[in-house]
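Report on the structure given below.
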């Protein structure tokens, strides 16, 4: 039951084909080194859940053919422009996009976190987002007359996959203020985490670290991956590698360019196919 | 808009008669020094919301005649036995008790935190707790057939009142792992906090402290109150004063004994009446 | 230090611990030293498993998401066993934690229902624990249902009662018939005595075994490691029972 | 360093800032340097008020409860203004952040709706901001409604559009008629040009003022303190506009 400490490849091997995988946005804790390991092992058929969006990670996985569905409020690489492989795949009809909105994804995960079948949510009524979604239903506030409100079905991912600054040997993971990572871990059946370092003290022994820590209870496995979020930046630890990100966007404009980028970027000789 | 830093008496003056006041349990962060200041100023007609229970604080306030209603999952002083003034007041029919259950109080506050009119909650069905509560309604899971589920109306307290280890000059409050205090601050209209100390650095500048911090955005006013939770213990900072707690329980068996305790215990010469 | 062969509390701790062996995660309420010690005993002999969360404790509590986490955790199926008591408990496993008489002006007032009305529905193995075994506590019908022992088939309820452990015996819960069955009688007590001291009706097998006494290894573990661990949360209890102070 | 009298972005920053003065708390989405700078300008001259939360930023973001906090905060009425854009915006203030054509295989795909479908309902003053003012963006009817500009009376909606600010003009939203009214035209642009470049119908007053240029004090504050502050979150923007690096 205690979390296992694995190598990056062994961690990636824990994501089966077809899994529903929750991932955070580029400004949170994105397991990019693990994503390359996943691509290297040739994972297929993933259903990504952006919490609430995905960025470079989603674009890489889409480009490498690992994804059939993305459920997210957005696929965005921010100031770098449109996410190139995502945009190409959408135009080609190659992947299915379940367009959501940030609070609905949070609400769905919070329902799962609470073992609830659904959560109510304000807003959204009248948006085309609600069309064709059988996991959102119009209900009513039972404490008022004529007050329609949307009910959002729980989202319980198979796997939460993210990167954090540190973990301890017992498998507790320190995420600081990035509490959406805790929500993901609470909601998902399994939680796979890469960390900058595994520390030798108990993160729960002192409230100063415990306050930002996901207890091992919710963690399935951990792998150490120093700079595991590069080329993105990890809050106050390291900044983004702007040149590498621009190079990616440039190369990934075309399928061939993306393949060339991937051949140069994969962590080990195994090809994606 | 920025939180004000007040004296303990000025903080207590911010709680008007008749206010709905959310308070935490004895193992969390209880503003006991502020409670004595409240009693000293003679507050009346309070509706206490235990999050999810109240202990010595509630018993003191009931004994001093400050309370008309307690909404809580329990009034408990743990191993010290039945809460004496609460029990006496209940037997006398002198206060109104709205019996709840812990997760329903959390759910009501979370609804308020989310600006939702209600939250669904499992369990409870068939309990006598649900009788006579017009703020709980039986509804149904819209994603299944014949799956009844209770809907809990939002609880939005006028005031959240609690004690924490530290605050900074901007009004950010560090609560560590005691996140129910953050929930209270999010849910309440106003938040009044006593702290062991006001520090001169920015609690949000470093993720290590930010992770356990309620931003000033949710804080109305702060007062410094060293040992402000005594005679209860504050986690790893100081333990409970067992002798003082036992003395209270002993004296508070009778109304006269409680008055004698209060005369000896109030922080300033002003009487409760 | 002179310790009797097996103190009554030690029998209860050992008995409850056998109901916890092999589980993954146990939560224990505040002010529950015997269930807490039983959980620690199960962990000590299970090589760190089950994990334990003692509510309100500073140690033995890994929760970092506030008061709501226990309830979320239970609803997700991440808690395998929990303990509930009752000012009154009846033969359908209904529990009363509120009071006796008119709830608005009760004759007797208990502290309140805590999380019982929820956890009783969601935790698979809820062990009812009450040392006092008398017609006053074990009643034919509770005055107030804090949490019902069973629910209609359409009510979502993966959890419920597993057993009722008292100072005199162990009752096993029978899910199908909504009744207790006398499972074992603690040494020094009798089937006839139980009948007289129990206010509700229950199934009585032809032969009822005696509750098994802890063996020497179990007692040794309890009086050593477990005593030191429980003393961190319940120093008074550990001092009274074993004359030990908290382990470092 | 040579800076022109007033750069177009500076006009937009100053114009948006006047819509924020006196508010209590403003949230700004990621990748929104002009709204972000406008919020910082309002704060700089408001003596620290409004408070500002820039989403996804490490600085200028006090949230400590994860991605959900913005949405909870907005629903509680703790956010007074927010900004939304749109790949398409129509005359009923509907916005499209999803794409053009069949959503399953679109001709043009935008990043997605983000929190628009929610915040547009809950934040009292939503300022639509889009620099490109063309019939391609300002359309008669959006292909896809990420978030509707108005709702039926029974729909809970304390929030909604306040104004639409483009590179050419300011439209004010008229809640009662669900239509925009041309409020001011930026210097260098004309009413006729706007008519040609706007795909939707809007109310046109007899006289339309020019958008007020920022005064010297405003420009000085913007190019000094605000430039240094915005550079911490948008270094490229600050460098391009004002040739400054981040303030300490």
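Letters A, B, C and D name the chains as they come in the text, with residue numbers starting at 1 for each one.
In this text, a contact is a pair of C-beta atoms (placed from the backbone, for glycine too) under 8 Å apart; a residue touches a chain by one contact, two chains touch by 3 or more.
The model shown is predicted, which means the values in this text are computed figures rather than measured ones.
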Notebook entry, point to check: For chain A and chain B, what is the smallest step count along a path of chains that touch one another?
Noted result: 1
Check: So which has more C-beta pairs touching, B-C or A-C?
Finding: B-C
Note to self: Farthest chain from chain A, going by the mean of C-alpha atoms per chain?
What the structure shows: C
Check: With chain centres defined as C-alpha means, what is the inter-centre distance between chain A and chain C in Å?
Finding: 40
Next item on the list: Averaging only over C-alpha atoms, locate the centres of chain A and chain D and give their separation in whole Å.
Entry: 28
Item checked: Whole-Å gap between the CA centroids of chain C and chain D -> 59
Margin query: Quick check: what residues of chain C touch more than one other chain, meaning two or more?
Written below: 63-65, 71, 75, 122
Item checked: Overlap residues in chain A, where contacts from two or more other chains coincide -> 115-116, 121-122, 147, 149, 177, 182, 210-212, 235-236
Next item on the list: Chain touch graph shape: choose line, ring, star, complete or other and state it.
Entry: other
Item checked: Pairs of chains in contact (touch as defined earlier), listed by label -> A-B, A-C, A-D, B-C, B-D
Next item on the list: Enumerate the contact residues on chain A facing chain B in the complex.
Entry: 115-122, 135, 137, 139, 141-144, 147, 149, 151, 153, 175-177, 207-212, 235-236
Next item on the list: Would you tell me which residues of chain B are touching chain D in their complex?
Entry: 1-2, 112-116, 172, 182, 186, 204, 210-218
Next item on the list: Provide the residue numbers of chain D that touch chain A in the complex, in ascending order.
Entry: 30-31, 56-58, 63-71, 75, 97-99, 103-107, 109-122, 144-148, 151-152, 154-156, 236
Checklist line | In the complex with chain A, residue positions of chain C that touch it | finding: 24-25, 48-49, 51, 62-65, 71-78, 122
Note to self: Going by the contact rule set out above, which residues of chain A touch chain D in the complex?
What the structure shows: 24-28, 51-53, 72-76, 78-79, 82-83, 86-87, 90-93, 96-97, 99-104, 106, 110, 121-129, 146-149, 177-183, 235-236
